[in-house]
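So, here come the structures, one by one.
Both of the next two complexes hold chain A, though its partner changes from chain B to chain C.
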Partner chain A sequence: MMPKALMIIRIAWRSIWRSKRRTLISIFSIVIGTGLPTFTVCLGWGFYNGLIDDVARLMAGHVTYEHVEYRNSPSIDLWVDDIQAINSALNNNDEVLSTKQMVLLQGVAHTAKGAVGVSLMGIEPSKEISVSFLPDSIVSGEYLSQGDGRRAIIGNKLAERLNIKVGKKFVFTSNDINGELVEDLFRVKGIFKTGSSAFDSYVVQSDINFAREVVGLNSNATSQLGIIVKNPDNHDKILERWQNELASNDGVFLSWRQIMPDIATYIYMDRGSLVIIMIMLVILVQFTMFSTILMSVLERKREFASLLAIGTKHVELNLQIFFETLIFGLIACPIGSFLGVGALKWVEGYDISKLIEANPEDMSIGGFTMDPIITPFFSAPLILQISIIIFLLVLILGIVPMFLVSRISIVDELRA
Partner chain B sequence: MSTVKSNEIVLLQNIKKDYGQGNVVTEALRGVDLKLVKGDFTVMMGPSGSGKSTLLNIIGGLDRATSGKTIINGQDIGILSNKALSLMRLNNIGFVFQNYNLIPVLTAYENAEYVLMLQGINPLQRREKVMSLLQEIGLDGLENRFPRELSGGQQQRVAIARAVASDPQLVLADEITANVDSETAQSLLELMVSLNQNNKTTFLFSTHDPAVIKFAKRVIILKDGNISNEKLSSVEIEESTHK
Partner chain C sequence: MFKIFLVNIFICIIFLNYANASNLDPEKILDEVDDLYRSNSSHGIITLSVTTINWKRTLTLEQWSKGEDNSLIKVLKPKKEKGLATLRVDKNMWNYMPKVKRVIKIPSSMMSSSWMGSHFTNDDLVKQSRMTEDYTFSITFEGTREGKDIIEITCIPNKDAAVVWGRVEVIVFRNDYIPIRMIYYDEDLLLSRILEFTDIKIMDGKMIPTLMSMIPVNEPDESTIIRWEKIQFDVSIDDEFFSLRKLQQ
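== the complex of A and B ==
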C-alpha cells in the first residue's frame, strides 16, 4: 500500500508543478485567503481585547461583584457587605490579577460657574495606579494617593464646564445611604483627559474612604468590587464558582458584558460583521482556487482515462486529486499564516488615528475611546484555527473534481 | 452454448453494440463471434467506422456490449462491477494506444513500473523486471527520461513496456503504428513479435496499416460491425482498408 501511496503522491506532486504559473496562482490565492483573515481577525480581536481590558480596568473589572438589585437601580443604598473577606479570598485566587473596591455616587458638582451632574467614584488610589490607565491620563496636577481625603481628580471637560483648575474647590451634593441629602467640599488635585468625552465630562474620582464617609458607608461595604482576571477569555467559567462560594444572599458576580452591555453588543455586532466579511473574502478566494483545481483536472481527463484503462482504480485517482489539493494547502496555508503574522508585526504599535486622520475622541464606543495604537492579538490557537479552516476548505474544494473524475467515460476520453 | 477451453484467452459470443438512443441508433457491432487462443498474434483490420476500436474496447473491458457474452480468460466480464473490471484489466490486459497515453510526469522507468506498483509487486522485483524489459525493448539508458524527452517511437516502446510489464494474458494494441514513421513501425512490430514468441503473450491489433499484416498469424477483417472474412489475400486486405 505504501509504495502505491508514494507513487500517487509523486504523481500528484509532479502534476501540480506541470503548470507552474497555475500552481503559483493557486498557492497565491490560498496564501491571501489565509493571510488576510489572519491579519484582520488578529487586528480586530486585538482592538476588542484592548477596549475590553481598558474599560474593565478603568471601570468595574472583567468581573464585578455588586448588590443583586444594583443593575436595575444603581443607587448608593444598594451596597454589598462583608467586602473585605470576599476581597481577601479573591486576592488569594490564582485566576485573579487584582481587585478594586468602588463606591459610586450620583450627584451634582457646584462651583460659582454653575452646577453639573456628575458620577463620583470612590476608589483605592494604590490599586488604580496598578491596574487603570487613568493615572497616566492626568494632564494637569497629580493623580490621587492613599489618604487624600477630600481631594479629587476630574475630567478636562468637566473642569471646563465648572471653570475650575487644579487646587480649586467644588461642592458635591448627593444622597447618603438613608436617602438624606449630603454635601461636601472637594479640592481638585488633578485633571485627566481620556479622550472619551462622556467620561471626561462626567466622572470625578476621590479616595474611597472619604466617599464612604460622605454617604455613611462602613469600611466593610462598597457599591462594587471590580475583579481584574489574568485570562479575560475564561472569566465566564469562574463566575458561577465564585457566585456559589463567595457571594452573600444579596450579592451577585457579573461579567463585564452584563455591566457594559452597550460595549458587549458593539463588539458582538462588529465581530459578526468582520466574520461575515472574512467569510465572503474566503469564498471569493476559494472560487479562484476552485477554478484552477477544476481546470487542471478537466484538462487531464484523457490522462485520467488512460490511467483508468491500465487498471488504476477510481479511488486511486481521487486520492491523487486529494493529494494535489493537500499539497496546495500544506504549502500555502502556513505561508499565509506567517505572512499574516508578519504584516501584523509590521503594523504593531502604529497609531491608526494618523492613518485615518481621525481625532482619537471620535473613536469611541459606548462612551469609551478605543486605543488608537495597533495592538494585534497574537494567539497561536486563533491563528492555527484560521489556517486549519482554510486548509479544510481547500481540501473540500477537491470534492467536485473528484466527482467529475469518477464520472469519466474511458472510451469517450480516449477517443477524443 | 460453447464451453471455454483452457487456452482460450478471448471468447466473444454474438457481441452487439449500439450507440445512441430513441430513433437514432447506430449499430457499431452486429453480432461478433470471436475466439483468441494463447499466443495468438492477431491483426484486426477494416475501414474507419467498421467497429475495430469498439471491439477492442469491449474486449479490454473499457466498454460494455449491448448484448452478447465477453469472456476473457474464462471470466464473463459483462457481469463485472467497474471495480472488478479495473482489477481484471490490471491483471489480465495490457493496452497500447495510438497516442501512447503515457503519464507525462513519470519517467520511462516509472511509467513501465506503474502497473507493477498497482499490483503490489515488491520494489526489488519491480526494478529487475522493468530494467530487463527496458533493455529488451531498446530503451536502455533512457529510463530516466520523461515522455516529452523521448521520440514518438521511443514513447510507443515505453507504452509497450508498460503494457507487457505485468505479464498480461492479452495485449490490445490500437493503431499503434499510426503516429510513427514506417521504419519505427517496423521495429515496434518486430519487438511485439519477439515478445509474442518469447513470452507467449497474446496480441490483438487494430490497424489501418497493411504493413502490419506480414507479422500477423491471423488476420480478421471487420466490416459494417461484423467479421466479414478471416482469410483474405493481401490485395483484398489492402482494398478492404481503403474502402
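== the complex of A and C ==
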C-alpha cells in the first residue's frame, strides 16, 4: 500500500508541474489568500492590543480593584480600604508587572478666565513614570514627582480653556468623602498633550497624597487600584483568583472591559467586522483557487478516462487530486504566512496618520487616542491558526474535482 | 523763630494725617464690606437683570438668609419661572424645578454653572470665605478720587488660598466704608471683572448700596444687575426654615 501511495504522490507532484503556469496561478492565489488575512489580522490585533495596553497603563490597569458600588456611582465616598496590604501582596505576585493607586475626583477647575468641569486623578508619580505614556506626553513644564503637593499637570486643551500656563494657579472644587464641598488651590507644573481631545480637555493629575488630603481620605484608602499584568490575555483567570484570595467584602476586582466598556465594545465590534471582511476576502480568493484547481482537473478529463480504461481505480485518481491539492496548500500556505509577516515587518514602525492624513483626534476611541505607529501583533499561534484554516479550506476545495472525476464516463471522454 | 514754628506746624499736619491713616483698620473695613448684606438674618425682595449679547431677562426674587450658612431664594416673577428656588445650607446647594417637581442637589461638577443664567456661578453663592482670611491687604490710597472721599484697599491672595484672582481692589467711602467698587484682576494682573455698588439708600435702618452691577471685562456688553427692592435685617427665622420641604413650597 505504502509504495502505491508514494507513487500517487509522485504522480501528483509531476502532474502539477506539467503545467507550470496553472500551478503558479493556483499557488499565487493561495499565497494571497493566506498572506492577506495574516497581514490584516496581525495589524488589527496589534492596534487593539496597543490601545488596550496604553489605556490600561494610563488609567486603571488591566485589572482594577475598587468598591463594589463604584461602577454604579463613581464618587469619592466609595473607596476601598486596607489598600496597602493588597497592594503589597499584588506587587509580590509574579503575574503582576506593576500596580498603581488612584484617587479619582470629579469637580470644577476655576481660573479668573472661567470654570471647566474636570476629573482630577491623584496618582503615584513614580509609578506613572514607569508604566504610563503620559510623562512622555508633556509639552510644557515637567511631569509630577513624589511630594509635589498642590502642583498638578493638565491637558493642553484644558490649559487653553482655563487660559493658564505652567506656574499659574487654578482652584479645584469637589466634594469630600462626607459630601461636603471642598476647594483647594493647585499650580500647573506641566501641560500634556495626548492627542485625545476628551482626555486633554478633562483630565488633571496631581500627587495622590495631596488628593487624599483634599477630600479627607486616609493613606490606606483609594478610589481604584490599577494592576498592570504581564500577560493581559490571561487577566480574566487571574482576577477571579484574586477576588477569592485578596478582596475585602466591599472590594471587587474587575477587568478593563468592565472599567472601559466603550473601548471594549468598540474593539469587539471592530474585530468582528474585520473578521467578517477577512472571511469575505478569503471566500473570494477561494473562488480563484477553486477555479484553477477545477480547471486543472477538467482539462485532464481525457487523461483520467484513459487511466481508468487501463484499470486505474477511482480512489487512486481521487487520491492523486487530493495530493495535488495538498501539495498546493503545503507550498503556498507557509509562503503566504511568511509574506504576510514580511509585509508586517516592512510596515512596522510606520506612522499610519501620515498615510491617511488624519489628526490624532480623528483616531480616538472612547476618548483615547490610538497609537498611529504601526505595531503588529506577531503571535505564532495566531499566524499558524490563519495558515491552518486556509490550508483546510484548500483541501475542502479539492472535494468537488474529486467528485467530478468519479463521474467521468470513460467511453464518452475517449470518443471525444 | 517764625520759621521753626511753621516747620513744627507742617510736621504736626503730616503727623496728624499719618495718625489719621494709621487709625484706619483695613481688616475692619473688609469685614464690613463682607458683612454688608449679611446680618444675623435678613429677608428681602431682589430684582435680577441679566443682559447677554443674545438675550436679556429680569427676575424678581424673594430671599431669606440666616448667618453665613443658610439662604433660600425663590423666583416670584416672571410667572413661567415662578417657584424656581435655590437653597443653600452650609456648603450644600439644591435647586427646585417646579415644572418637573424635582429637587436637584448641585454637585461639585455643576458649581461652575451659571446661577439663574446670570454672570454669577453657583460657586459664587456657596463661597463663604472672608477676604481677611484669604488675602493679605493694605490701604493703597486714601483721599479724593472722582470727587469722592475714598479708601482703596489692595488685597493680594495668600500663597495657598483657594482664590483665582491675582489681586482685588476694594474701594469704599471713607466715612462709612460703604463699597463703591471691587475690581478683580487675574494672576497676570490683567483686569478681569468689576463689581459696582451704587444707589445707596437706607433700608431697614441700614445704609446699603441697593444696586450691584457685575460687568465681565472680556464681555463689556454683558452684565448682571442685582437691585434690592426691599430688605429687612435681623428678622426672626427658624433654622428649620432652610429645609428641602420649604424649598418645594
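Side notes on the structure shown:
We adopt the following convention: the second predicted complex is superposed on the first by the 416 of 416 C-alpha atoms of A that agree within 3 Å, B and C clash if a C-alpha of one lies under 4 Å from a C-alpha of the other, contacts with A are read in each partner's own complex, and residues count from 1 in each chain.
Going forward, contacts are C-beta pairs under 8 Å (C-beta built on N, C-alpha and C of every residue); 3 or more make two chains touch, one makes a residue touch a chain.
These figures come from a predicted structure and were not determined experimentally.
Using the contact criterion defined above for the overlaid structures, shared-chain residue A:Pro381 touches neither chain B nor chain C, since it reaches no partner. Touch criterion met: A:Gly117 reaches chain C, while chain B stays clear of it.
Of the two partner chains, chain C is the only one touched by A:Thr173; chain B is not. After overlaying the two complexes on the shared chain, residue contacts for A:Gln106 are found with chain C alone; chain B is out of touch. By the touch criterion defined above, A:Leu307 lies against chain B but remains apart from chain C after alignment on the C-alpha atoms of chain A. Comparing which residues of chain A touch chain B with which touch chain C, the overlap is empty.
Looking at the complex, you find that chain A touches chain C at residues 106-108, 110-117, 150, 164, 168-171, 173-175, 179-185. Every residue of chain B that touches chain A in the complex is listed here, in rising order: 53, 57, 60, 62-63, 82-83, 86-87, 89-91, 94-95, 97, 101, 103-106, 110, 114-115, 117-118, 120, 123, 162-163. The touching residues of chain A, counted against chain B in their complex, run 1, 3-4, 7, 10-11, 14-15, 18, 302-303, 306-314, 316, 410-411, 414-415.
Listing the residues of chain C that touch chain A in their complex gives 90-92, 107-109, 111-112, 121, 123, 126, 160-166, 184-187, 192-193.
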